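One chain, subunit A, appears in both complexes that follow, with subunit B as partner in the first and subunit C in the second.
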Partner chain A sequence: MTALRNYILSFADDEHLMGQQHIEWIGVAPFLEEDLAFSSIGQDELGHAVMLYELVLGIDETEPTDQAIDALAYRRPADHYRSSAFVEFGTTNWAEALVRHWIYDMVEQLRWELVATSSFEPLAIVAQRADREERFHRRHGDALLDTLLHESNTDARTRIVQALDNLAPMLGSLLEPPADEAQIIADGVASASVASLHEAAIAAIDERFGTNLDPSTGTPGDGQRLTRSEAFAPLMSRMCEVLDLDPQAAW
Partner chain B sequence: MSTAQLISIDTIRAAVASVDDPEYPGLSIVDLGLVETCDVNERGEVTIELVPTFTGCPALNVIADDVTQAVAAVDGVTSTHVGWLLSPTWTTDRISDIGKAILAERFTVAVQIGPKASTCPRCGGPLTDESMFGPSRCRSVSRCNACVETIEVMRA
Partner chain C sequence: MATYEVFLKKDGKDEFRHAGALDAANAELALVMARESYARRAEGNLMWVVDRNDIVASDESFLQPNADKPHRHHDGKAVAARRKELREKQDNRDARENQS
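Let's look at the complex of A and B:
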C-alpha cells in the first residue's frame, strides 16, 4: 500500500463512516429541520467519500465503477479500513451526534486546507470542491449550538458539555496520521501533518463551547490508524444490513 | 464511406438538451447548467462532460443514464461516454434565463445567485430564510413575506 493511497483512504473512510452515522438520524432527529439537515450533510460526506475512493481506485489502476466504489466502501476486511474511532463511535443521544458533527466539520475544514494546494492535483481539486460544500455544515452546527448553548435552558448546556466530555478524548484518533505520512508531506501532497492540527482544534473547541480543556486532551495517537475500535463491527453490520440480504442484487 | 462523419455536433447537443432533470420534468439539464462539453468524432464516438450540482447528489447516475440513452439513439453514434467533472464548480448562475423561468413558473422555485437574496417567484415579494436545508441538497426553504407562501430556493 503506497503512502499516498493510505493517506487518501484514511480521509475517505472517515468521510464515509461520518456520512453513514449522520444518515442514521433521518426520521429520528428531534425535529424535522434536523432530519433534513443531517440527511443533506450526510449526503455531502458520502459524496466526498466517493470522490476520494475514486482517487484510491485511480492509484490502484482500477476503473472507478459503482461496483468498484461499493467494494471499497463496504466490502473490505476490517483491518483494511483506516477510519478513526471518532467516526466509528456509536453515539447514544442527539447531543453527542450534534457535538460530533460540529467537531468533525471543524477538523474536516482544516484537513481539506492541508491538501488545498496538494502536489497531487486531483486531490487539490477534490479539496476545493468539498470545501465549498462544507460551509453549510459549519453554519448549521454553529447556528444550532448558538441557540442551545446561549438561548436555551441549562439542561441543553449540560447535555452538550457531557457529550463534549465523552467525545473530546477521541479527537486524538481523528488527528492520528496514517502510516508514512512523512513521505506525503515530503512529496508536497499535504502541507503539514494532520497531528499538527491538534492545538488549533482544541482552541476552536474551547471557543465554541466556552470550555477550558486540558491542552493534552485528545492528543493525536501514533497507531497509524491500523486498528479499529469496538464500535466498528456493529456500525459496519448496520451499514451493510440491506446489502447483506442479497450481496449479488443489482440496484 | 462512413455515415458517422455526418453526425453534426448540433444533433448531439439537441439530444443532450432533450434530457430533463429528474426532479424537474420539463427543465433541460442544459438550462440547469449541468452540461460542460459535448464532443463527437469522425468514428461516431460521443463524449459528454457534465458538472454535478453537488457531489453527493443521488440523481447523478439517473442523469448520466438518461444522457447515454438519448445520445445513443442518434443515428450513427457508435459509443457514448458520459463523465462527471469535479471542476468547474456548478453554481446557480449556470442556470439559463429559460431555466429560471421554468423553475419559477412550473415549480415555484426561486434561484439564489451569490449572496443576493432571491425574491418570491409568485409575487416578487421579499423572502425570509426558514431553513438552510430543504427537500434535497441543492435547495433551502424560505417564506415569502408578501404572499406567505413557502418557497424552495435553489442555492449556490
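Let's look at the complex of A and C:
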C-alpha cells in the first residue's frame, strides 16, 4: 500500500502545486481573458489534486472530508510532500509560466495515459475525468505559443526560448519516479515508469519549440522525490498565508 | 488584434445568443479565451466567435422608418378595439332580447 500511496501522492502534489502556481497569476496575467483562463486552468489542476488526495485518504482509511483534504494539502511537514522541483519553482516571468504550463500539461497527459487502464480502478476513473479538461489545457497552451512563436515579434520568441532554456533542465524532476515505482508497475497500477516518458517529452518539446535539445536534457534523477527544492518553503508560505493568520479558524 | 463577438447556444431548441465580446490576436485564441471568459460555467454547449469585421452591419439611418406609416405597425390595437366594440354591441343586443 505504501508504494501505491506514494505514487498517487507524487501526482497529487504536482497537480496541487502546479494549480497553485497558475492561480497566482490572477490579476497580473498579461491580459484580462488570460487572467481568467490561466487561473481557471489552475483550478482544474486543483480539482485533479483533490480527486487524487481523496484516493490517498482512501488508502489511509480516513474519511475524505474537506478538513482531511486540507490537512493533506497544506499541513504536512515538507519531507512528507512528493512534489517535483519543476512545480515548486516560483516565477514572476510570464514566458516561464507559459512554457511551464505547456510542458507540464504535455507530461501530465502522458502520466494519465500510464494509469488509464490501471489495475487500481479508482485511479483509472480519475484519469478519464481529467482527460477532457487536459485537452483544453493543451489547446490553450498551443494557441498562445503558436501566436507568440509564429505571429509575433522576435522579442516574444527570444523570451520563450530563454524560458525553455531555464526550464528544460528541471524536466528531470517532473519525470523522477517515486520510491517503489517498480512494484506499482508489477502490480499493473501503472503501465510503465514515469522516467520512461523522457524521450517522448524531449521529442514533443523539440517539435513544439523548433529546438534540438540534447537528448540528455532533464534526464530523470533517482532521488525518489524525497527532497524539496529551495523554492518549496516560500511557495508553501505563500499558499498558507491566510491559513496561518488563524490556524484554529473553522473554514 | 481584432474584436470578436461571442455567441452561445444552450442545449435544446434555444437559439444562439450574444454573450459578449473580446479582443484577440487570431481566431483560435479568440475561441480559447472566449471559452474561459463566457462559458466556463457551462453557459452553453455550442459557441460561435465572429470577427466583428465579418459582420455585415447597417447604420442607424438605414433602419430609421418614416414616421407616417402607421399601417406597418400592426400591433393589433386597432383590431382589438374593433372586436371589443362589436362584442359590446352584441352583448347589448342579447340583453335587450332577453328583456323582451
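The rule is short, and it goes like this: the second predicted complex is superposed on the first by the 249 of 251 C-alpha atoms of A that agree within 3 Å, B and C clash if a C-alpha of one lies under 4 Å from a C-alpha of the other, contacts with A are read in each partner's own complex, and residues count from 1 in each chain.
Going forward, a contact is a pair of C-beta atoms (placed from the backbone, for glycine too) under 8 Å apart; a residue touches a chain by one contact, two chains touch by 3 or more.
Since the structure is predicted, the reported quantities are computational estimates derived from the model, not experimental observations.
*Asks:* Do subunit B and subunit C fit side by side on subunit A in the superposed arrangement, or is it a clash?
*Replies:* Once subunit A is superposed (C-alpha atoms), there is a clash between subunit B and subunit C.
*Asks:* So, A:206: does it touch subunit B (first), subunit C (second), both, or neither?
*Replies:* Neither partner.
*Asks:* What is the contact status of A:139 with respect to subunit B (first) and subunit C (second): first, second, both, or neither?
*Replies:* Touch status of A:139: both partners.
*Asks:* Which touches a greater number of subunit A residues, subunit B or subunit C?
*Replies:* Larger number of subunit A residues touched: B.
*Asks:* What is the contact status of A:129 with respect to subunit B (first) and subunit C (second): first, second, both, or neither?
*Replies:* A:129 sits against subunit B, while subunit C stays out of touch.
*Asks:* With both complexes overlaid on chain A, does A:113 touch subunit B (first), subunit C (second), both or neither?
*Replies:* A:113 contacts neither subunit B nor subunit C.
*Asks:* Return first, second, both or neither, reflecting whether A:147 touches subunit B, subunit C, both chains, or no partner chain.
*Replies:* second
*Asks:* Quick one: classify A:46 as touching subunit B (first), subunit C (second), both or neither.
*Replies:* A:46 contacts subunit B only, not subunit C.
*Asks:* In the superposed arrangement, does A:36 touch subunit B (first), subunit C (second), both or neither?
*Replies:* A:36: touches subunit B and subunit C.
*Asks:* Which one of 26-34, 62-70 or 80-88 is the stretch of subunit C that crashes into subunit B?
*Replies:* 26-34
*Asks:* Which positions of subunit A sit in both the subunit B and the subunit C interface?
*Replies:* Shared contact residues on subunit A: 33, 36-37, 40-41, 136, 139-140, 143.
*Asks:* Please name which positions on subunit C make contact with subunit A in the complex.
*Replies:* So the residues of subunit C touching subunit A come out as 22, 24-26, 28-29, 31-37, 40.
*Asks:* Okay, in this complex, where on subunit A does subunit C touch?
*Replies:* 32-34, 36-37, 40-41, 136, 139-140, 143-144, 146-147, 151
*Asks:* Residue numbers of subunit A touching subunit B in their complex, please.
*Replies:* Going by the criterion above, the answer is residues 19, 33, 36-37, 39-41, 43-48, 50-51, 66, 122, 125-126, 128-130, 132-133, 136, 139-140, 143.
*Asks:* Hey, which residues of subunit B end up touching subunit A in the complex?
*Replies:* Interface residues on subunit B, with respect to subunit A: 54-58, 61, 86-87, 89, 131-137.
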